[in-house]
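Note that chain A is present in both complexes that follow, paired respectively with chain B and with chain C.
What follows is the complex of A and B.
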């Protein structure tokens, strides 16, 4: 639990990466030349979190809950509608130069290991690309790429000159990790980066990630639908549902004493190794409502087993302390109060 | 033994890096191993070489004939492929004619590839409004049948090789624009382009390093097949008098001037057509071969 105390020990210090009120909606139809009411998908609404140096925040939730969109918004691969992102206190996105610097400091590893490598470039060229963009001389970039290949467990003599299709999925994902590290970032975002790997390879890569975090003093944003993996690698966890953060806190706190009904349902769907813990009952009923047509009030209310009248009419604010927050009327009766600060 | 260990010591660690065969090396190897494509490449190489080195291969002047030796049949002493209606050596005319015909067939494709290709790449990569503007403009040109449009433009500009080149280029731009646009749209959606954006690279660098190389395949296949169309269209324009002017040797024009002799010397008359056919067919089959040669992982 040392990581957690480290996480809370710097209440006054500037967090490495700070995300404030990040929101994005996508226009779906209407409102244009043809008239009609404009329809939007609220992909991400009002996401806040801090990421301290050397720590990992896990983002969990079911498909379509806005995890990947959050990652792309942070990288500015999609432009956010609103929200402030700052790194070490410097705001990002105000001008192209700050964005370029930010994109060296924050890197991303994608889920599809083969689609995220250019098939016409050798492994070495792919890893070198980012570094040369930021002005690193070719020779040094090559040296660094060989060092990193070694570091992620691939022999440069065997792999540097190969093409992506000659590698296995696990090897390719190691290359992607090396590619992300080649620009010497401070934060790395993993968007389902280990989800496509088989279990034994996944475990190796996770251990590698932990080692690399220590060695390069990195912070991670780890997006996954696999709750076990997130528990293993994260210090803090953020649970998302339909684009909103429903619960946030130190990973062991959230896993041991979940407060939001959605988090509870999600955690009870985890497979257990203990046969006595197993149950046939589905922990959560139905599908999430269409993000086009969100229910009034709490967006989890149609599926919630503890639903009360207020849940159907008023959307709960996320409330709590700096390190532990939840958005639920049942947990905090003040959550519905419009004056309530987040 | 000492020699071996010495050479081993001299090898730099960099040189020991295993380098796999690149994509284009593999494609080239596949293409050479495809018998049809190989034959097409040889035929095209021979015809192009014949056109380029025409002055070295014949002692006649393509524009000077002899009134006494008109319409000699194929196999005549001194005129292997006979003579035309003005007594000019057919082999000479075909070789020099190849210069003009191949020029008029290939240059418009290259120009259209540069213009249409860059517009298509921009439209596909940047998308949005820019894409709409470029693609709808191309649709306007697409609305006309291509041969008719080429004839109309060449007719409006006036007969001449330069004007025919302009007309053919304009006609070939829309299809190339559409193919490059769809190729660029596909590539730009892939994760490695997003990863390159995330590493802070500018759009031009990303297009140069990551997009162009990956959309080249389909564009190259399509351009090769367009070459076969362009050769026929160029010859067609000259045939109806909108391209090369007499006494220039050009295959389409030769077909036109020889057509009166079709009953007296049918074999001589069809020779230019045979060359047009050979070049067009070879480009077409080569395009097919290229397509299957590129079908590698």
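What follows is the complex of A and C.
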């Protein structure tokens, strides 16, 4: 892992977005004037990935696994404790100017389509807003907003002058997508962006995202709890559990031959639409533990059916190649797990 | 079918709004046998939650009107007095909701709330009710139930709260359980646990269950029969296997083909165009016609009736056979 720096040449050239050793913990209580032991939530620990031009990385995991925090850390909406982020080889966050440029190049679409639009701005004004802030002349920004509205399937003649509350959820999410694209970003982060939509509308929006990615040569970070959607849209997938990356790799590889017991459990929780193909037994029992009291050793060990002594005492290291990684003692011969194959 | 536990005919629910009456549920009919699970599928605004609430008469009386027949265990719910209703709600019929955090009162312990329901409905003493509440927590698979009985709702995780709410719903041994998206807010690994639990309890206790969901995968896991709602009407109903494997209504077909289940990467998903109609401004003919690829002249002019075919299959479409 440590031999990978942002400048490592990859077959496709410099990765568009590179994230290195990104970590964040939140202070909860104690440690101040009142004394007591300081308690922290380890929201994100040591996240690494590369995102190449025109590709999509999916981040999956259950609530509290740190997938949304990862997105907010990348956007610098929250300041990371440590970690390096670079875009096209340029480190981000060193000075305010680089951050401003970065926030133009990386856009985000959120789950709640109405909370992310200003209720007092018309659709057109909302879409133009970012572009004009970044110095685009108004006439040009308006022209582009109409082009984008058309592109996301909303007729500008009908929709440009409307307010967010006059639109349905699906239409508002299209507006949010158009707004994200208005500043000509390179990377778009979708944080559960289709989760609140009805299934028939979700399918329309997913089709749209695929088309837009091609047309504008975008890279996506796609965060979702829906494993079917992530499989459909991603090239690479990162599985997170309690703030840590447990498995990473090409999406079909991970879905077809998962290595980590948690990934296996998560994937076998996917429901089939075939009534003859019902689930007979739940792959794991119980809820994920609170991120406040992380178990010692591997954080998945209390729910894992392959747990051994080493899992309770030692946190597994990440093993594998640059493109395919797993954090589990089971696949690490050096760890000496009794069930380890080699 | 065995003895019907629920018989709904021509259920119509109207809401009074400033712009006149809006029909949220239109001539819905449901037949549910003992120990049978109906999966009620539809998008938001299709009337599935309103249907459930109408069965418990939970809708605001001044702003809504319910007509038709709702018989639970042979008694017409729409004619019950307030006193009868109090015994009926949470007695013969219980409901579980999507958000257990809002279904429990935050200032009482979970054990107190479950015992309260047992005392009200079964007339048990405090000690008996508490013992029964403990049994119920065990039944729904909550670890260390003795301590959990004295927990407040916020002290439980989401999955555990959902289990506790199921225990609360089972307190009076209901004949009919209404479940409104009870697994939607749960994580995948927890969702499957709760589905399996409900399937097991329903089978052991011989309850009739209506399970409202927008997720076809969830419906496939739990349902014996499936009803698909669109714009306030049931457009297709039949055995789960029949409806989900060979849909006859274009909307059901569209819903199934627009799920990303099994869709190949990069392939365009066969999505239904457009969006559901506004209930206050319904098209004159079939409500789905504006989005339907099979629609012809007649679809835009007349409303198709829900016709019963072979195997108890009901479809409301002029072109049902073309879809199959």
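Just so we're on the same page, the second predicted complex is superposed on the first by the 317 of 342 C-alpha atoms of A that agree within 3 Å, B and C clash if a C-alpha of one lies under 4 Å from a C-alpha of the other, contacts with A are read in each partner's own complex, and residues count from 1 in each chain.
Quick note on the criterion: contacts are C-beta pairs under 8 Å (C-beta built on N, C-alpha and C of every residue); 3 or more make two chains touch, one makes a residue touch a chain.
Note that the structure is predicted; figures quoted are calculated from it, not measured.
**Student:** Once both complexes are superposed via chain A, do chain B and chain C end up clashing or fitting?
**Tutor:** fit
**Student:** In the superposed model, which partner reaches more residues of chain A, chain B or chain C?
**Tutor:** Tallying touched residues of chain A, the top partner is C.
**Student:** A:294 in the overlay: touching chain B, chain C, both, or neither? Say first, second, both or neither.
**Tutor:** Neither partner.
**Student:** According to the stated criteria, A:204 is in contact with first (chain B), second (chain C), both, or neither; which is it?
**Tutor:** Only chain C is touched by A:204; chain B is not.
**Student:** Check the residue A:331 against both partner chains and state whether it touches chain B (first), chain C (second), both, or neither.
**Tutor:** neither
**Student:** Now for A:162: first (chain B), second (chain C), both, or neither, which partner does it touch?
**Tutor:** In the superposed model, A:162 contacts chain B only, not chain C.
**Student:** At the CA centre of chain A, how far apart in angle are the CA centres of chain B and chain C, to the nearest 10 degrees?
**Tutor:** 80
**Student:** So in the superposed three-chain picture, is A:276 touching just chain B, just chain C, both, or none of them (first/second/both/neither)?
**Tutor:** Second partner only.
**Student:** Using the superposition on chain A described above, determine whether A:265 touches chain B (first), chain C (second), both, or neither.
**Tutor:** second
**Student:** Give one of first, second, both or neither to describe whether A:284 is in contact with chain B, with chain C, with both, or with none.
**Tutor:** In the superposed model, A:284 contacts chain C only, not chain B.
**Student:** Once the two complexes are aligned on their shared chain, state how close chain B comes to chain C by Cα atoms, in whole Å.
**Tutor:** Closest C-alpha pair between chain B and chain C: 14 Å.
**Student:** Residue numbers of chain B touching chain A in their complex, please.
**Tutor:** 13, 16-20, 22-23, 190-192, 194-201, 205, 209-210, 213-214, 297
**Student:** For the complex, which residues does chain A have touching chain B?
**Tutor:** 75, 77, 99-101, 103-104, 106-108, 110, 112, 115-122, 124, 126, 129-130, 133-134, 156-163, 165-166, 176, 179, 183
**Student:** Which part of chain C faces chain A closely enough to touch in the complex?
**Tutor:** Result: residues 43-44, 143, 157-160, 187-193, 195-196, 214-218, 220-221, 223, 240-241, 244-245, 254-256, 258-266, 268-273, 275-276 of chain C touch chain A.
**Student:** Which chain A residues qualify as touching chain C in the complex?
**Tutor:** So the residues of chain A touching chain C come out as 62-63, 168-171, 198-204, 206-207, 210, 225, 227-229, 231-235, 251-252, 265-266, 269-279, 281-288, 290.
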